[in-house]
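Structure first, commentary second.
Here the chain labels run A, B, C and D in written order, and each chain numbers its own residues starting at 1.
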């Protein structure tokens, strides 16, 4: 789709307004409920274990450059690094893209400063490994093995390297928490990591961890937006069925094209 | 711990060694395997057959040496089919290694089937991936202007195969051979705007993503990975690397299944013992 | 004035000169912005930048060309963005050089690996630019040799280790521990078998025609991928995409204040 | 001294040997992390970085930036100015200048989201308008469409975060959704095995065929 048709524009406007509306109502102090997401509750446990063992942790924000999944990954990094700084535990951030690397460094530095231990921050712990997918993976394998990582966090957009990271992490005995919007990689995290957050739980993570009203409101707004999609689909199914009974199912498919046409 | 219980704790190194063995053995002593053809591959085959003869097919190469084991045979099978049908095609590559490999394999197959570069097919050269989106917007309007020159630097206007090929309307098929999964861009810009049929040839790992657009009619067929290539080779009645690799592929799958079953036997017997 | 055929080093000088002048003026202008307005300025800039693509999307296009007033401009922005990103590569390279350089200079344990890093780095960059600047049989050959035998070969090897890892991951995870794990195991089992000739062999007794053919393993596997799997994936996708849309809205309007950078400006 | 570099056959066989040794060094990590792997890893990262610089210049900056300036579009100098802003991240005093470029990038990414969302999802929403009954539909079509809608809705129900899943009416769809999800993940895992094995077979074929000449 090159440009929005009128129905599409209206549809997008409804979704956006629902999300924004909920954000603003949450900011005005409306209290909101979020269900439990087990994988995210495990983050504290993972940091705690690394602290007990006195070993470092590793965070990978995925392979992508600056885009929406990476922004979310960085915002999760912020929360985990804060916990790490609180417990004075070393956090190695392995990045695969220069711009992401600079932001990650900035985030880590701030997290340690905010917890009052700026001297704990070691610039060498935020590393740019490689922009090449498997050179990056080989570097992560090296870090996991040599640094004897006790907890590994993988949040971001991953590709094939997901299993290399997760399985190596398992072999070195790290406790692993992972989440990615890259749907085909989720099964690998489920099999090899200890805790995996699935699908858009990834986008719920920062709200869940920070409990900031803006993010909570957004999450509720997302639920409403998804409800609109569900209702649209149900309406489409009912219409298609009625038309199908009335004049044949192929005809019903053609009629419903108004939603996307003119392309 | 008895033998059965030990089955749930097989050392990974033993598994790795077994895997290396079951893959090497059938490569050294070739075993032939029957290949079945899935509906998605049949659809792809039919889409290629049905392409109007006066139009040109475009084979998109977006893969490098890493996935050559899958994408190489897919590319070769498509090239062979188009040659056999006497249909013109162009190759356009978004990866420098893939570009060279596709060129070499088209030359080899072309020699075998007496096809001439520049007349029966053309290679539009390697385009940096960063140019993908701008190209997807510009080339439908003016192919020659957007693609500029062929792989040897000859201006496309001077290549005989390009005669009569002006806009996307003269292109009857896009075959996207990819390890990257940029299909959404082709759907959004090419199928979405011009309804040009797309045949998707992904590596098996990104293949599950193809079922959604296949169902939505946004792509007209699919060769999922090496097995898709082997099925296509069977429809073409040729035996390439894909067909040879079916032996080790089966063997490795059998190994996984045996290991999973062994692990579960171990798990069950350990649980029984704890229970009793 | 410089001409297109002037020597490249003169052009380089010219570009650096232009850069210093333009950059200097911009730097001076930016510093005129009082401290308390800086944040507002950046928020405004983020909003304006977000308008570029969204306005282009929402303005109806000419049905013939599929373009509107904004389309050529967004194409330009896209190209400029690639160039700007390319300049950021230096940030990563500096980090690499700093990290490996420090290890090498201080002769930390394993410093010879850091030395190998530098040798490979300069070698690959060297042959790259050599065959680029002076293409000859020798330089092209050298480049191909090193590229294929190091970058491509090590990449393909690293990639193929997943074949090993997938075996140990499947062996460990696919146990009938819980309902969920069993379901995963069953689906994986059927699909794995359905994709290879051996699976076809197992159910070849079932006729290939008629409705019973649906129970042949390869058809069951295809059906799983194409029906329940596709529906489930679509369900996840909608959620993920709505999540991304919400993230975009928050970013665009700078609602997630201080999410990435908290340091005061 | 470098004349041998022009010999295609010789460089090819040297290349195969280097590649084969490198492949074995990488595989050695499967047994245990060791000095050979460590060396291969560092060489790989170094070579990839060197190659990255060359590619960035040759494929991106030279044609899209340098050549344009040389052809008189001097305003492309602004791209360098914008790129230079990244580097202010290292300055305590002027760090806010780097925020200008980051802010702009964030805006651009956000702006693309509408097109991205619509381009992918509108067709998929439309394709989900499946009639559950109609003239000319076979039993399997009806069954598949009903199943499709149940799975889709159950999975979406699982991802609602702001409802308490206490009452059965809310709990059942979402726990069904989780079951469907696990089933789908199993299927995805299974279909990926083939891809990974294909690559491993390709690599083994390289070792056995190109290097050792023992495979056909």
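Going forward, a contact is a pair of C-beta atoms (placed from the backbone, for glycine too) under 8 Å apart; a residue touches a chain by one contact, two chains touch by 3 or more.
Because the structure is predicted, anything quoted here is derived from the model rather than measured.
The pair with more inter-chain C-beta contacts, choosing from A-D and A-B, is A-D. Taking the mean of C-alpha positions as each chain's centre, the chain lying farthest from the centre of chain A is B. When every chain is reduced to the mean of its C-alpha atoms, the one closest to the centre of the whole protein set is D.
Rounded to whole angstrom, the centroid-to-centroid distance between chain A and chain C, based on C-alpha atoms, equals 16 Å.
Mean C-alpha positions place chain A and chain B at a centre distance of 30 Å.
With centres taken as mean Cα positions, chain C sits 21 Å from chain B.
Residue numbers of chain A whose C-beta contacts span two or more other chains: 1-2, 4, 68, 71, 99, 102-103, 106, 131-132, 134-135, 138, 160, 183-184, 187-188, 190-191, 198-200, 204, 219, 222, 226, 229. Within chain B, the positions touching two or more other chains are listed as 12, 16, 19, 66-68, 130, 188, 192-193, 204-205, 208-209, 212, 215, 227, 249, 252-253, 256.
Multi-chain contact residues, meaning those touching two or more other chains, occur in chain D at positions 26, 29-30, 38, 40-41, 44-45, 47-49, 51-52, 60, 64, 86, 89, 102, 105-106, 109-110, 113-115, 117-121, 123-126, 128, 149, 152-153, 156, 159, 181-182, 185-189, 191-194, 196-197, 199-200, 202-203. Partner chain A is touched in their complex by these residues of chain D: 26, 29, 33, 37-38, 40-41, 44-45, 47-49, 51-52, 86, 89, 98, 102, 105-106, 109-110, 113-115, 117-119, 121-123, 125-126, 128-137, 141, 149, 152-153, 156, 159-165, 181-182, 185-186, 188-189, 192. Looking at the complex, you find that chain A touches chain D at residues 1, 4, 8, 11-12, 32-35, 37, 66-68, 71, 99, 102-103, 105-106, 129-132, 134-135, 138-139, 141-142, 145-146, 183-184, 186-188, 190-191, 198-201, 204, 219-220, 222-223, 226-227, 229-230, 232-234, 236-237, 239-241, 243-245, 247-250, 252-253, 256-257, 259-260. Interface residues of chain B, counted against chain A in their complex, comprise 12, 66, 188-189, 192-193, 205-206, 208-209. Those residues of chain B that touch chain C in the complex are listed here as 8, 10, 12, 15-16, 19, 33-36, 38-40, 64-68, 97, 130, 133-134, 137, 141, 193, 204, 208-209, 211-212, 214-215, 227, 246, 249-250, 252-257, 259-260, 263-264, 267-268.
Of all residues in chain A, those touching chain C in their complex are 2-4, 9, 15-16, 19-20, 23, 65, 68-69, 71-72, 74-75, 78, 97-99, 101-103, 106-107, 110, 114, 124, 127-128, 131-135, 137-138, 160, 163-164, 166-168, 170, 181, 183, 187-188, 190-192, 198-200, 202-204, 206, 214-215, 218-219, 221-222, 225-226, 229, 262.
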